[in-house]
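Got some structures for you, see below.
Same chain, two partners: chain A is paired with chain B first, then with chain C.
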Partner chain A sequence: MAEFMERPHLVTRTKTLFIAPVAFLSVFFVAPVANSILRYFHFSEFSNVLGNQSLRGVAWFSLWQAVTSTLLTLVVALPATWALSRYTFRGARLVRGVLTAPFVLPAVVVAAGVLAITDSRGVFPILWAHVVFNVSVILRIVGPRWSMVNLRLEHAAATLGARPSRTFSLVVWPQISDAVISAATLVFIYCFTSFGVIAILGGVSRRTLESEIFTQAVRLGNTETATALAVLQAIIICTVIFIARQSSRPNSTFLHVSAPQPLRTKPRHRNTPLLISATAVVIVASPLLATIYRSLVVNNQFSFSAWRTILSGSLPALSVSPQLVIITSLVFAIIAACICVPLALLVASSAAPRALFSLPLAVSAATLGIGLIITFNTSPFAWRSERWFIPVIHAVIALPLVIRALEPATRAIPTSLRNASATLGASPFATWVRVELPLLRPALLRATGLSMAVSLGEFGATSFLSRSGSTTLPIAIAQLLGRPGVATQQAGFALAALMVLVTVGVMSRA
Partner chain B sequence: MLKVSNLSVEFGNTVIVDNISFTVPTGETLAITGPSGIGKTTLLHAICGIVRTTHGTIHIDNTDISSLPTHKRGIGLISQTGDLFPTMTVSQNIEFGLRIVKMPQTDRTTRVQELLEMLNLTHLAHRNVSELSGGEARRIALARALAPQPQVLLLDEPLSGLDQNTHDALMSDLARVLKQTATTALLVTHDLSEAELLAETTFTFPHK
Partner chain C sequence: MKLTRILIVSFLVVIPSACSSPTANTSTDATPNEVTLLAYDAFTPQEGIFDAFTAATGAKVKVVTGGDSGVLVSKAILTAGNPEGDVLWGLDNTLLSRAQKAELLTSYEPVDYGDICVNYDKQWFTSRNIAPPTSLEDLANSTYKNLLVTQDPVASSPGLGFLLGTIAHFGADNWQGYWKSLKVNGVRIASDWTTAYTIDFSGSSGKGKYPLVVSYGSSPPAEVLYAEKPIETPPTAVIASTCFRQTEYVGALRGARNPNNAKLLISYLLAVPFQESMPLSLFVFPTNQKASLPDLFTKFAVAPKNPLTLDPADIEENRDAWLSSWRDLIL
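Presenting the complex of A and B:
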């Protein structure tokens, strides 16, 4: 009967708090996107796009490369998630940092790293780059859930004669499936809307809807066609989200938190998590190491000159100093997290419908960027050049991810604890502060790390808004890598390598 | 005194609790017995306000508390699992309700110590709740529920799932503590021996 009980959530009791995230998203996301669609979307152009064989081919390639990338990501990431959620071993923290770091790196950095290894463009490098990016999505969303699955249940199944595969399918999978489906949906969307990776590794023959939107809108000035493509892209993404939500059963059963186990003494068991972790690290880290290598080696000569330049010098290719770029990115990341995490917590803690908060996932960065510069261009809302505007937009983009990162943890809090708190005299707010927040602390730390990561790595929408005084690291890296000159390129790789090293350190602590 | 009059609970079209009435005099314990799944727990949840009632009223000492939210009813609840807060120590769990009513620190410490001694739990004061045995966790849940001195205490099969020795020891402690504190209590159980030892009167939950 517990399932039928009313849940005295803070937010359901005080619905006014829910207005804050709704208003935030309405102003900074819904309004600009709706404005661009209302002004530039025409059904006749949409029909033309659907009837165009070349553009249909672009849509088909976008779809199948995204599906393949998602499946490959799951193949690499799920075993690694199991190893890191279930076992503790020396270097596990570093492994986690290495596997989660690429998510915050600009697409151009990872793509350049893959290119440095494969020395060719095409489908395989694209898929590899997508796997490198998205392993962290699975790790960060499924990991907390998997670590909560009670080991004793698995032991119980084993003592009842279940093989490990049966134990997984009957005991573990039902408890982690909603997190896996949620994470896989995100991975699909990222791959489907991938732009930086396609731009560098796709060459002239491999185009996706996202790169075509940019080409049509920016290079060809054909805003109507770009808007029609953006709508087609959004329809496909919404369909995938709808299917995923239908097949995901929210698991409201409380999962007793199960601490990671030390590696077992039997060699067979001891080696498996280590081998899985090592394989994932090789797949993910090699492009990152290639980036670091390129920052230190010029013409087969070892040199620290690029590092000296970014840490204390200046670059003619950048209008501001590299040090200011680093500080700007960090400040933006902190501001974005301060906005995003509390809003996400309000949404994740509520029982209110949250389809609205998935919308930023369904709309590409290029579509949002166009909407922002069109909408926030005239007084009294001429905010597109304001510095504060960039972290606000970063918070918009991070919001759906952070909500998804918090949701499994908020759902895992048993109703009975809230009931116990209430019968001890605690109001819903006191229960939230004293009982729920302490339980959510690890998830909140991860959510903060994720929000900062999104802000640090955001490239698409920022490129529409960035000015010389507000250049972020990804923008600076793209500018440097896009310019000729060995020293400039090497400085770009050094900035990218700095992001790799800093994010590995930061993410391993989050 | 707890007085429940014509209480009904429905979830959708399903009637879970149907027109139940009883009275528990102050300082006494009423045992509610009946088979599993018949609605005993739902009845307790309705009394403490976790579940909304469809019909009926609940009075404590002639005050109608039916429309009050759970945290304002002054009713304590001990569930089958104890539901200790996993991020707090044993002492912090026990003093939770006292912190909510903003009792001064010195008084809180005294009250917690008093309860720990009453239930022979002093050695566990600073223990993490994840390190407790089943019997210890139930004792802490009892101490925590008694700390704010609720007007009524609801006990939802507090002895279920314990081994015989722990069960007997805790039952004896429970009987002693309920008498010592003169708490008005409602005990849900399907064990008639528990009902006989702990309660002055027994109410058999009617079959649907």
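Presenting the complex of A and C:
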């Protein structure tokens, strides 16, 4: 008996497996970033940056807009997450797809959509665009956990006379809080480091640390200042991640979750979930519709010509055909998911400390980009211009997000299940395949979708890497929108609209 | 279930092919008869234009792109001496001195030029019976209040060109006063060219609120060539007196693996066939005097005889100070 009890979880036993994600991240992330910091970081420049009044203003703006954006995102996303992980109704899958789609879109497209509707600039459009981008993060990370919260507990609480609010705060919240905190941390970081949206919707007076890092490194050639700012940004983000991790710890041991609960079709207040979902969709989908509109209507006339061009024609403003761009992006997304999801699963199911795997969130794209081109520059590691390098970097960037998408589900699997399986004579591998994987399946599908979405939408690091012919969708959209000529720009919006539709399609299945 | 199956299949198909590609690439890298041209993302030469070069020299041209001209040059400077290619396309007169300081190139030549000019929406002005502005001074006139959109000169190269043009015209001591009056007159600063031209400008696809935009002297022919339905004349025109000259250079990178092919490629880029292909593929004017221009360019593109200019060394020396005093004025 004792022998069985001691038989540990597959992944923890074979610690060797954990080496894979650690090695991957060390080679493709830690080494280049460390190289960049060792070469360009000087304490004197760091204290200059800290003493600079205008840069302190930039840091303060980054911080408060990120906190506000995160709170607003939670307000919109949590009710929708509840509705979609508890109830099913006609169109629920579509709603899930629509709410996730903006995640892949380039900032300029979402910003143009928001601008088409608000018709003004300033803080409100920025906050709206951030909500549009990030509702999907909450939905994708909290959703799987919420659907695993055992309904019988809620029923028991209700039977004992607890009002819905009390049931939520005493029964549901403790079981989803770590997922919510983890997702909110991510949203905060994405908003904190946002810069495309802020540049377009806020104008030049609104700057974030991330945009200042890019300006200093690329526009002004002050790599030392940029690196000092990047270190400052990383310190702030790591602090936030640390605080969030600390506050989400205690709950994880009291979980009573089980396999995904069946979705109810007949809620007591039938219309509430519908209404909540509809509100979220209106907030998120209107910029998407504006994108589709601009791909179809030009000079008040309806035309499919831009769609015909991107699906079967060619564009002189792109060095490759739009069809090849679409294929390249999809192949990169699949490769990135094939690398990222298995590694993330290893991390998420292991008990080892995983602070390392949050680091890609803390490091600015410009720092990573600079590190990559100065590190992978000599044979046999002269990979910086290789085609496969791009999806590998996408996998690095997606890793923290995908781990967070899997973690709530992996943590929720009770040890007793594994022990029972072992007691019944199953090998750790058999337990993993027959007990854990089926429980993780919804989370794995969502994680794969998220990884593909990150890859499809990634712009910063990709644009930094040199490419020969392997243009991805966001790069192609930026190129098309960066040229005069109505047809060229319409084709840019058509590519963006195609991304929306494909993502809605993929995400409403996963 | 279906999605799981698709994912498993793609895993099996994609991973082997991804693993095989590096070996394929290294083998072509080792081939001596190749030359790599580094360029910005918007470098879209005419299809098949390098076939003649390969036929004549036997060397294959590999075009490698990454980022806009600022990103490209910053990257090239960070990797100076161990470059990602042999020939660099995309340095302009605002970046040239930075490249020289970093000893980026062993040689360079001007390869094309164009102008950064204020463009206007013709229909907006005719429908209101207002004469379009004709000078930089006009832009600060209250007749043209809240009509101009330009770009952040820190982030955008046309934005920088327009700022430099005002410095060239008003002088290093008086341009600040001009910008103060532009600010009073409601100039809008967009973050980049795309935002200004496709969202704010009224004369192109975005149908925005601003009928005056900082763009290029070659934007009108592009509006004709890439119109949604064939049109005879462009909906936009250029105010020639606002034009600031932008010259682009092509150079051989220090530490290149194929220095001889680099030389050959540079001569090819400067010769007539390539130079004549540039106007309609890259929307720039050829520097080679023997190259003739297409009709669309002679009719609608503007490149004034005496554009506004500044010395590259002057730009490099003062750029940071100009930009920070511009920021203090505007932000």
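The working rule: the second predicted complex is superposed on the first by the 482 of 510 C-alpha atoms of A that agree within 3 Å, B and C clash if a C-alpha of one lies under 4 Å from a C-alpha of the other, contacts with A are read in each partner's own complex, and residues count from 1 in each chain.
To be clear about the criterion, a contact is a pair of C-beta atoms (placed from the backbone, for glycine too) under 8 Å apart; a residue touches a chain by one contact, two chains touch by 3 or more.
As the structure is a prediction and not an experimental result, all values here were calculated from the model.
When the two complexes are overlaid on their common chain A, residue A:417 makes contact with chain B while staying clear of chain C. Put chain B and chain C next to each other and count what each touches on chain A; the higher total goes to C. Contacts of A:160 after superposition on the shared chain: neither chain B nor chain C is touched. By the touch criterion stated above, A:425 is placed in contact with chain B alone, chain C being left untouched. In the superposition on chain A, contact is made by A:479 with chain C only, not with chain B. By the touch criterion defined above, A:439 reaches chain B but does not reach chain C. In the overlay built on the shared chain, the residue A:38 is in contact with neither chain B nor chain C. Judged by the document's definition of touching, chain A residues 441 lie at the interface with chain B and also at the interface with chain C. Residue ranges on chain A touching chain C, taken from their complex, read 108, 111-112, 115, 199-200, 203-205, 215, 217-221, 223, 294, 298-299, 303, 305, 316-319, 331, 334-335, 337-338, 370, 373-374, 377-378, 382-388, 391, 441, 445, 448, 463-469, 471, 475, 478-479, 481-490, 509-510. For chain C in complex with chain A, the touching residues are 2-4, 7, 10-11, 14-15, 18-19, 21-22, 25, 29, 38, 41-45, 62-67, 70-71, 74-75, 77-79, 82, 84-85, 98, 152, 154-155, 188-195, 197-199, 204-206, 215-216, 219, 222-223, 225-228, 281, 320, 323, 327, 330-331. By the touch criterion given at the top, residues 1-2, 4-6, 8, 257, 414, 416-417, 419-428, 430-431, 434-435, 438-439, 441 of chain A touch chain B in their complex. On chain B, the positions that touch chain A within their shared complex are 11, 16, 39, 41-42, 45, 48-52, 69-77, 79, 81, 83, 85-88, 96-97, 99-101, 144-145, 147-148, 150, 154.
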